[in-house]
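Below are structures written as structure tokens.
Two complexes follow with chain A in common, the first pairing it with chain B and the second with chain C.
Coming up: the complex of A and B.
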């Protein structure tokens, strides 16, 4: 009996320690963002909002935030439309060829970011897409497509194949069946896919470092340059804002589910 | 083959085609171009690939890459297994909170998580500050710009990727085998090690493959926490391109990294259900 409880206690305590290791480092940005010093440190003589003021009054930081939001929404739209159509087509066919197509569509998950970025750079130069919004949205859409197609396909796993067949035999065309029978069933997957796509784009950095110069400044690029040049607590303020928004959205999502 | 059936198939392909065409033209084709550049610049031939046998820095970089990826994978598997086990077996309270904490890092960018580690481990970072404040050390310890710093941040970033496949696998395991073993007199450890653990192997192997493959090509965290001293191959490639404009070398290394990744995946195919690991993961 003693041995049993030791094993359980070990696993459970271990798990909470590991979760603390996952969570706590992400929270250190919060006190650092409130420091009264102009360098990375804990608050010493009191709390200060100066680094938040810095962020919210800096045209550069705000513009970069807007750019990332804009590109992220564009990517979510493009990737969700393309990826949903793709997954629905594959679901109807469900044969060897469509499985190969699905493997092709998920290659961006497996290819190292630097390798694909070199590819983007050379091809985007040829197409004149370097340092353009179109270029970034296109690149990010490619990176987001695997996630959309996987989550839509997963949602369709619950759809009984006889339902679209019934619609067809009652005289509905392929398009009507897709729009009024399959798409509604795919909706949860589409929603999840769109959110994934937005986040993939919003967080993407390696590709942006290769295919943009000065014209397109995204938020991750500003953070990256900030870390490289001089680490100032403004980055901690930005990180805190993003973390808090994420936590709030997760809490809202969890509440709506329950 | 009735004409009606044929046109339906065509319509399904019309749905597939836009995404597939975009992927092939703007993603696969540029990758093929990379292969082309590696055998044509600066001059046609396999001269770039000869560097793999000749250049010590390149060999060292590959060794570092595989070593960091392997160590990261081992730590992620052990830690990820304990968390998953606690979620499905040991805990009664707080399971929902545990799952939420595992998923949370996915929503916070790797860049910000790496920044947090810089704040903690830097020369005048919070850990050094605290240790000096307590009088435990006189001079700051070097906690980053070395392999230790890269590894701790890599494990932090990769851990959720290890937990998810293991959790998905454990979810489907019936406890009754373990209970039967216990009822027949096996100790808790024996029941775990001989009955439960073998059933979780598929999840562990998918997790290992996923974490190892992602670690091999990882750039952001090693670049930020390695400070140029832990040159994994992705960072080595960017140096070749951005500092020295050596496209031949950079693309050759890219192709080599891609082939190495492919070999790892194909070798793993014997033990891991690749469809499950990549195509159908949730």
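Coming up: the complex of A and C.
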């Protein structure tokens, strides 16, 4: 009995330590965001909301947030439309070539982001897309496509092949069949894919650093520059706001499921 | 066939080295209930999906009332189809499913409503119009699939093993309903099954397929009583096979010898004297009796009681094992393993088979 309880304590302590290791760096931004100093530090003489005020009143920060949201939504739309079309096409064909095509499409996940960003940079220069919204949306769409197509593939895996056949035999054209019976089946995957695509884009920095200069300022890039140029605690406030929004969304999702 | 609605000519479909359809030609009559029957891999489903337009033929042609439809896509063929597993649209209600082919054909909404109500009544599913397919039992889903496939008044209805997922009792009920529906609507039914009882009980004609080619076509009684090949004799019901030598006689009374016994076969065609032929003999045509009562003497090897009938295996030193199926209520004797019995059959009980 003694040995067993020792083992239990050891395991539990270990588990909690690992959790703390994972969570504390994230949580440390909360006290930092409340500091009363004008540089990154823990609160000394008291708590202050000034950095939150700064975030919500700074045109630059708000513009960057808006830019990231705009790009994220654009990417979610483009990637969902293209990724769904790709997945549905492959599902209909489901031959050797379509399997190869599926593998090629998920390479963006496998290639190191720096290598890919370099590729974007070289190519975007030639296309004149450097430092444009179109350029960023296009690059992020390419990065997000695999997530959308994978989740749509997963949704279509449950679709009985005889269902689109039934629609065809009942007189529906290929297009009507896709819209009326295949897309509804793909919908859960499309929703999940769109959310993934938005997150991929909202979070992305390496590509943005390579292909934008001044004109396009996204939130991750702004945070990055904030660390580089000045050590403004507003960054911590932004990070806290994002963390809280994420937690709220997750809680809502969990409640809706249960 | 004079009033042929659909004809299949020299249809060939290969999957790699396998010939799923090997030069199949078939005329389907207007309003008939035609069953494609065969074991798995016989090509029956390939033939049905080729008719539906989902399988492209390597060669051969299909025509509907004289018009070639070989290259037509499934949506243009206007055939109703009931799929194995029903294939109802899970995102639409029962009424939505039935209305789908009508909406695709751009009917106006009041016509659609009238027709959907008619079709629901046809399959007695009026109460379930607003349910989703997932809220229905297998038999109910089957009815909806049927109503959906009939709603746009197709001239031909294709059914791919529609009852295979249902339990035995429900299957029997739905067989009657399908038959009634067929008679009531006058639509041509092309029905695929591997279940010989289903085929025998419902069809006007049965097409027996094996390895991608047609073995025999005929009415249920014709196929059962006059099988042409050992495969047909064995696949539809049970058969005893006897290798016999033709020793003489004339059409109507052919003399045969087998296993040291001789007997007469009432066959319209007389094979050449001296030729060896295979005969099929249905177990229920064999009579069993007390020793001396029938022509041949044997011994009971095994007995299987099936309720309304009993199956008895009788061994004969020359003929081998003969399966006898006799009604249990008038066996006359009580066959027990080891009992000496006599057995025999009428001269029209045996059928000459082709060597195939």
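Basically, the second predicted complex is superposed on the first by the 241 of 258 C-alpha atoms of A that agree within 3 Å, B and C clash if a C-alpha of one lies under 4 Å from a C-alpha of the other, contacts with A are read in each partner's own complex, and residues count from 1 in each chain.
As a working rule, a contact is a pair of C-beta atoms (placed from the backbone, for glycine too) under 8 Å apart; a residue touches a chain by one contact, two chains touch by 3 or more.
This is a predicted model, so every value here is computed, not measured.
Asker: Going by the contact rule set out at the top, does A:110 touch chain B (first), chain C (second), both, or neither?
Answerer: After superposition on chain A, A:110 lies in contact with chain B alone.
Asker: In the superposed arrangement, which partner chain does A:184 touch: chain B (first), chain C (second), both, or neither?
Answerer: second
Asker: Check the residue A:52 against both partner chains and state whether it touches chain B (first), chain C (second), both, or neither.
Answerer: neither
Asker: Could you let me know whether more residues of chain A are touched by chain B or by chain C?
Answerer: Chain A has more residues touched by B than by the other partner.
Asker: Would you check which partner chain A:25 touches, where first means chain B only, second means chain C only, and both and neither mean what they say?
Answerer: After superposition on chain A, A:25 lies in contact with chain B alone.
Asker: Identify the partner contact of A:61: answer first if only chain B is touched, second if only chain C is, both if each is, neither if none is.
Answerer: A:61 contacts neither chain B nor chain C.
Asker: For A:242 in the superposed arrangement: first (chain B), second (chain C), both or neither?
Answerer: It touches chain B, and chain C stays clear.
Asker: In the superposed arrangement, does A:171 touch chain B (first), chain C (second), both or neither?
Answerer: A:171: touches chain C, not chain B.
Asker: Which part of chain C faces chain A closely enough to touch in the complex?
Answerer: Interface residues on chain C, with respect to chain A: 52-54, 73-75, 77-81, 83-85, 87-91, 100-101, 104-105, 148-149, 152, 158.
Asker: Per the contact definition, I'd like the list of chain B residues that touch chain A in the complex.
Answerer: Residues in contact with chain A: 8-9, 11-20, 22-24, 26-31, 33-34, 37, 79, 82-83, 85-87, 89-91, 98, 100-105, 107-113, 115-120, 122, 124-126, 129, 156, 159-160, 187-189, 192, 213, 216-220, 224, 234-235, 237-238, 241, 250-251, 254, 257-258, 261, 265, 278-282.
Asker: Tell me, which parts of chain A touch chain C in their complex?
Answerer: 160, 162-163, 165-173, 176, 180-181, 184-185
Asker: Please name which positions on chain A make contact with chain B in the complex.
Answerer: Going by the criterion above, the answer is residues 3-4, 7-8, 11-12, 14-16, 18-19, 21-23, 25-26, 28-29, 32, 39-42, 82-83, 85-86, 88-90, 92-93, 98-99, 101-116, 118-120, 122-123, 138-139, 141-142, 145, 149-151, 153-154, 174-175, 178, 199, 202-203, 205-206, 220, 223-224, 227, 231, 235-236, 239, 242-243, 246-247, 249-250, 254.
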